[in-house]
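So that you can tell them apart, the chains are marked A, B, C and D in the order they are listed, and the count of residues begins at 1 in each.
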């Protein structure tokens, strides 16, 4: 099945320095898969290639007020955000990585939770343009990428997971998501395969 | 941490005959865990015990028009719904199991996707009553239970997974959800442990 | 501008006996406009004509548990629901009127508030079928009809108000909605005009 | 009825230069009511007084990409946004007015439509802090203020309209909203009355 460029969007979740760059707090957790999959290189190729073909490239950062007054409950993975001091507005860590900036057409606003659709204008960005196919990538594979993919499926988008542009904190979680969960709701493919299917 | 009864709800996902009863299409898939965990027995104990303590018991069925005109995309797990002919309004298979009916205070309307909050009045039921703690159980552990738990977390509810009242189609998926994913967003406990924490 | 039948839906809000039939509590409030506009006759013509042309006819009732446990705050117009004992599940008053039943393709679930999209599967029903044009009618013109039209506009649907199939409790409110508010977000037309534009 | 400060928020809609300041495109439309009600002076008093008492002050701007790629349909009031070139990110016109900036605790992200809750993190901001009472003001009284108030009511917030901090483009619309619509869903009061009720 091919994807019409103008009905397709790439949603790039949390390609922020806090995840992607050595020296930032969340980098060590994803470093292994980032390197083995060449996630950053692939993501740049994906964004560049998709944009060149007329696909909408959507950046989906998570950010919080500097004092985390909009964090919500300090439990589980949200407690970790505060503990690591990540994703604070106005910091270098919260910025999208420089390599991707030239290719992002529009940034989602409002993301504070796991799901890129929850409390954000993502669905509006997509439906305002008649998008039908949503290719999702980013961090963490089994957390925010998966929550966003689950909602995209419920919202009746045709969902694609660009697997070599995602990373979890272990291969166990990465493999589980890729082989057990995503096939229930999405097509799972590489960056190269996805770009070849755009027409 | 204890849970105040009047700030707590149990959300019982898809305890419908199509999943729970021998002879119905989805029973074989969950039979192993259903039996080993004694899911139905535990769920009845959970609903009965919670209701007796003043906890709100919410039934959350998934149903479709008999001709599936409201199914949405026929892809992945939704294709399977149609293929198996399950959850059609007016059928015995779509009904909540008789054992639980006496304990359900209110049923959610509108569920057509994985997430019990998506396109439903579940959040309204909970917020109208000032619910803060949401204990989730049902089927499938890693699909609808997990999607609902993820959204409950994003909506800032304190989430509890009542693990021995859930079932997936394999122990691999059950264990992954219980040990890898749920701890990021929820407290995971048994039915007995949950009931003891209600005050 | 014409409307393609398969991209168009008619959303019929609260054509329930409690509003439409003499002897039921809310009838006296809308009686004047109901009669002068011939709302029921027009609504039947609208539903019948639209269905015949392949337009999706959506019934959008509001209902509550018999004890109103899902009412939410008892304030303003919601206090009035409880005071009048209207829209209780299982009562004749909460049923859609018999004249329309043969033409309704699908009923929305979950409506408890003013807005037909809030806490319901209405958006899913529409987007699952690729609906672009939403013609809205029913009760009250300036309350639930207007709330639903405002959300439909925000959701990027092309909105049509079928004015002679709506009623408010006074001509002042009816005229204000028709001439001041609706033109900001919708095309306003009669039932006859709408049916002529479907192709 | 009094309002507990820590359960109360003031939501200030579109106090942006494009509406509030002479020389900007939308000022002439609201000039009459702005002056007669002293809306800006009152809004500053409201924000300052509320903040001093510990009430959360929420700024709710509407913004679009400079090329309006996220505008959605060019119809009705949205066509007017584009025609007047207003609310473009990075422009002076899209900024909140300087007088209010010191008092705003947090700004809502994502507003592109009439309703301040639609596609935004507003509900999350409020529920994350346990807010029960939402006092709404801004522009236009019968458009964005009213859409936001309607949704706040559906979301079960206790809604207050601070009438002398709102403006429509005519007294007819202002009076209709204040006297006919808002009383169905909200308490309507002046800035001074609201501040006196906070404890």
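Assume contacts are C-beta pairs under 8 Å (C-beta built on N, C-alpha and C of every residue); 3 or more make two chains touch, one makes a residue touch a chain.
What you are looking at is a predicted structure, and each value in this text was computed from that prediction instead of being measured.
Relative to chain A, the chain whose mean Cα position lies farthest away is C.
These two copies of the sequence, chain A and chain D, are related by a rotation of 180 degrees on CA atoms, to the nearest 5. Averaging C-alpha coordinates per chain places the centre of chain A 32 Å away from that of chain D.
With each centre defined as the average position of its C-alpha atoms, the distance from chain B to chain D rounds to 39 Å. Each chain gets one centre point, the mean of its Cα atoms, and the points for chain A and chain B are 28 Å apart. Shown for chain A are the residues that touch two or more other chains, namely 72-73, 113, 118-119, 124, 128, 155-156. If touching chains are joined by edges, the resulting network of the protein chains shown connects every chain directly with every other. Only residues 65, 69-73, 105-106, 108-110, 112-113, 118-121, 123-125, 128-129 of chain B touch chain C when the two sit together in their complex. Interface residues of chain C, counted against chain A in their complex, comprise 124, 127-128, 155-156.
The part of chain C that touches chain D in the complex is made up of residues 72-73, 75-77, 113-115, 118-119, 142-143, 147, 150-151, 153-156, 158, 172-173, 176, 180-181, 183-186.
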